[in-house]
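There are structures below to look over.
Paired with chain B in one complex and with chain C in the other, chain A is shared by the two complexes that follow.
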Partner chain A sequence: MSTVATGQASGRYARLMTSLLRGTLRLDVLVNKLYPTDFNPLYYTGGLSNLFLFTLVLSGIFLFFYYDASLGESFASVQYLTDRVPYGGIVRGVHRYAADGFIVGILLHLLRNWFTDRHLFARDNPWISGMFLLLFAGFIGFTGYQLVWDERAQLLTSMFVAMLRSIPAAGAALTRLFIGGVGISDGTLVRILFLHIGPATALYVFLWWHYVRQRHPKIWPPGVWVLFCVGLVFLLAGAVPVTRETIPAATPAASPTRFPMDVFFLIPFWLLNFLPAGVVVLLLVALFVGGLAIPYASRRETPVEMGVRHSGVAQVIDGNCTGCELCYYDCPYNAIVMVPSPGPGLSKAAANRSLLAVVIESRCVECGICIGACPFEALELPKFLERDVLRQVGEAVQA
Partner chain B sequence: MTQTLKVVGFICDWSVDLAPLSDGGRLREVPGVRVIRVPCSGFVRPNWLEDALNRGADGVFVTGCPYGDCLNREGNFLMRDRIDQLRRRLQRRKVDPARIGMLAFGLHDGASFLAEVKAFVDRIAALPPAPPARAAGRAAVTQPAQASEGERP
Partner chain C sequence: MRSIYVVGIVVLSGLSLLFAVGIIYGEATDQWFLGGGFVGALLIAYSFIVLLLRQVGLIGPRKTER
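Right after this comes the complex of A and B.
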């Protein structure tokens, strides 16, 4: 009966996605044994990411007060912040570990929503903006490692420059743009500081895009999870100080060849061990473009296999609509707008209406929640009419 | 006893996997229960539940995904609220609100879903018998009885 995961999946890709869907929901069952379902952290991966982002912004503002963006001073200013400023090291640790939590939250959010088909129909706006959020978050993490301007930052910069240079035609110009001149100078760190904070501001623009088509987005996780995550980040910052990896300051003479790895942000740079820079750039671009294509190209089921979940865009029955706004309040995708009614409806209740509901078809995901909201029979899913439901009810009670 | 009960269940296509549990729209282990697949639990119009009771069903229930995991974020919460409202409305009509149920189970929760449905059916079986089916048709209390604007033509 239920066709979500048992429909005749056609093709290897469809079968793979179906087994991933089943696996994701199997994981939920396990977690739901530990927590009430309202508190399942896997249901709040987006909210947790947002919480970590908020933590990052607050701790980042604190760090910004002490940071000095110049070749000679930046490493010393970070040292001063870590050792001399009360709790400076803790805040720095919070910034670091919250960033790890942020990227993990984003990736979990992406995989979960991909595997459970939450990118289909009109949900492509959150998906596309989410890909940009991921891209920007990764880039911000990378520039964050550069700001410290130790030997790792120095090596990362030269690796990144190599990646930029490998881009055909635009490579040289991009490199000049990134390091601010022909060689690394004080201006480079100013640019990197901007490339750390500017995209971080842009994250909130993308978040607006992420939320704009959703009526009640789950922006924050439940309160206990807020406390737990913030507490965990603080505990980690205290228990595992970021200064445990002692990396010397960058000097023009130093030519480092290795650095402590960070699995959350620096994987592309780890790939440079095996692949030429151009291939890594190509891989990243392909991943991003492929990610953008997922809502349009990734079809787990054909429309026929979706059955009742693909019943067509909701339609307003003009004559019955009373302009009561109930569907407008309940639609989770802001797909229903109330417009001034051009004329009275046909039914008695609709005779004195002043508003009329209109479905914006490009936003409708065919969930049918508006049908449940409407007490006046003024909304229908074209391929699953009220008549069909009542016929099934009739068969059930007569048999 | 439970054999003679007629129970209608509206089941979100994303929630419990019915393939191993049912054939022909009927739960194998609880034969009195007919299931109707819907795209989201929020799709169910409370009138339909009331209508099913009026037409002689002994009980109706809606099954959504676990709270917090609705594919559309809100469907099962909205349905829970609507069912609470419907229960209050039915109470005024002296219909036992226990005849209406809201369940929430995920794809792999088939066993606990069955247990919950059985418990639901047993609770209904213990109630005094329902009034006989009214004439099929629209629910009688779509609007408060005295309200002048009913949209029935």
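Right after this comes the complex of A and C.
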């Protein structure tokens, strides 16, 4: 009898992950009652993040044309853009709120894939690249606040320098590298501008890495969500303009001690109220490294502990395979290859085959898509046999 | 249910027209934040119209889901 029917996840971590998986699937069912399944936004959290990133790039290009990276002119150039350029304030607001949307999208995507075990086995590649995307997105958002060069930017810069200096051995060098000398100068703003745009460009490299092993990534949400999300950032930009935060320009004489908070990008700086800079740096490094380790920490679960969350690597039933290539084209992870058939299959349909499907175990993520793709019952997940699924469906219908 | 969706589409279409007038008003009076906000409201209204059109069955579903 298979684990599907009888197995219960054991171990505290496994029980937690199983309950999170069930909770996520219940949420899917709930949202599917509100939206048609192909419009369910929970299926497009990655695509929504990509949409916000695209919005950020377009609005950022517009803002870049008006920005003057110097201590004396940066604040004035942002003010000019906001107040004098037609719809400049709107574009600035769109850039600001799309950044929030980007982070929210990434976090939803991360949690969903974590809770549904899509970070395990061969899927560690998108998880690792996703952690880098999150790290870079957070850093780009922070440098965006600095570019305005108001009193908040001034205070953020001094706090960031304190964090850099707290790093043992490399602190002084990193600080010099960041501010471009012994004190803040025009060169600092140029460096901050580079640290805003350079990592933003790198995001697309990480996206390539994110998608590289996937055959059919959903990189764009349905049109209805494109309209809604772009509409939402425009509506927020108009209804809650960025100019509501009247922060004066940074001056050498100013010594600001407070600034309006942004929960998505400035949390580490809020922590500096309670913790020394070195501890905050250590905490951020630990969070990032811990995030990278999640797929490998989870692998310590044995298949028995994983219970219903473990199906086993897909296996080809040689006698039934017709070499039709449907599974090969449907596998999102390139885990199935077609090889010349060493001989005919056993079934009538497979008698004249010329190809045979072979599963590459290291790439298989046990998703079961190939099972649905195969019309000849030539593929099975060993712990999720079709007959067991059919029996469970039958029992559920009778109940 | 279908008639409710149709009413929703009509109401949202009317609202969209108002938002479009708002965009023109914002542009004419140089109130760019107002105009930009109405652009957002218009797009959101369009998104709900598309959703209701889908619920009515006038658009979609995707070929693979038929």
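We adopt the following convention: the second predicted complex is superposed on the first by the 303 of 399 C-alpha atoms of A that agree within 3 Å, B and C clash if a C-alpha of one lies under 4 Å from a C-alpha of the other, contacts with A are read in each partner's own complex, and residues count from 1 in each chain.
Throughout what follows, a contact is a pair of C-beta atoms (placed from the backbone, for glycine too) under 8 Å apart; a residue touches a chain by one contact, two chains touch by 3 or more.
Predicted model only: the values in this text are computed from it and were never measured.
Shared-chain residue A:M338: touches no atom of chain B or chain C. Here chain B and chain C are compared by how many residues of chain A each touches, and B touches more. Contact with neither chain B nor chain C is seen for A:I247 once the two complexes are overlaid on the shared chain. Once the two complexes are overlaid on the shared chain, A:L108 sits clear of chain B and of chain C alike. Of the two partner chains placed around the shared chain by superposition, chain C is the only one that A:L227 touches, whereas chain B remains out of contact.
Looking at the shared chain after the overlay, A:I219 reaches neither chain B nor chain C.
In the superposition on chain A, A:D38 contacts both chain B and chain C.
Look at A:L381: by the touch rule set out above, it reaches chain B but stays clear of chain C.
By the document's definition of touching, of the two partners only chain C reaches A:A239; chain B does not. Once the two complexes are laid over each other on the shared chain, residue contacts for A:G93 go to chain C alone; chain B is not touched. Residue overlap on chain A between the chain B contacts of one complex and the chain C contacts of the other covers 37-39. The part of chain C that touches chain A in the complex is made up of residues 30, 32-48, 50-51, 54-55, 60-62, 65. The residues of chain B lying in touch with chain A in their complex are 6, 8, 11, 13-19, 21-22, 25, 34-40, 42-48, 51-52, 55-57, 66-69, 71-75, 78-79, 82, 104, 106-109, 133, 136, 142, 149-153.
Residue ranges of chain A in contact with chain B, taken from their complex: 1-6, 22, 25-26, 28-29, 32, 37-40, 43-44, 116-118, 214-218, 307-309, 311, 320, 322, 330, 332-333, 347-350, 365-369, 371-377, 381, 384, 386, 389-390, 392-397, 399. Across the complex, chain C is touched by residues 35-39, 86-90, 93, 223-225, 227-228, 230-239, 241 of chain A.
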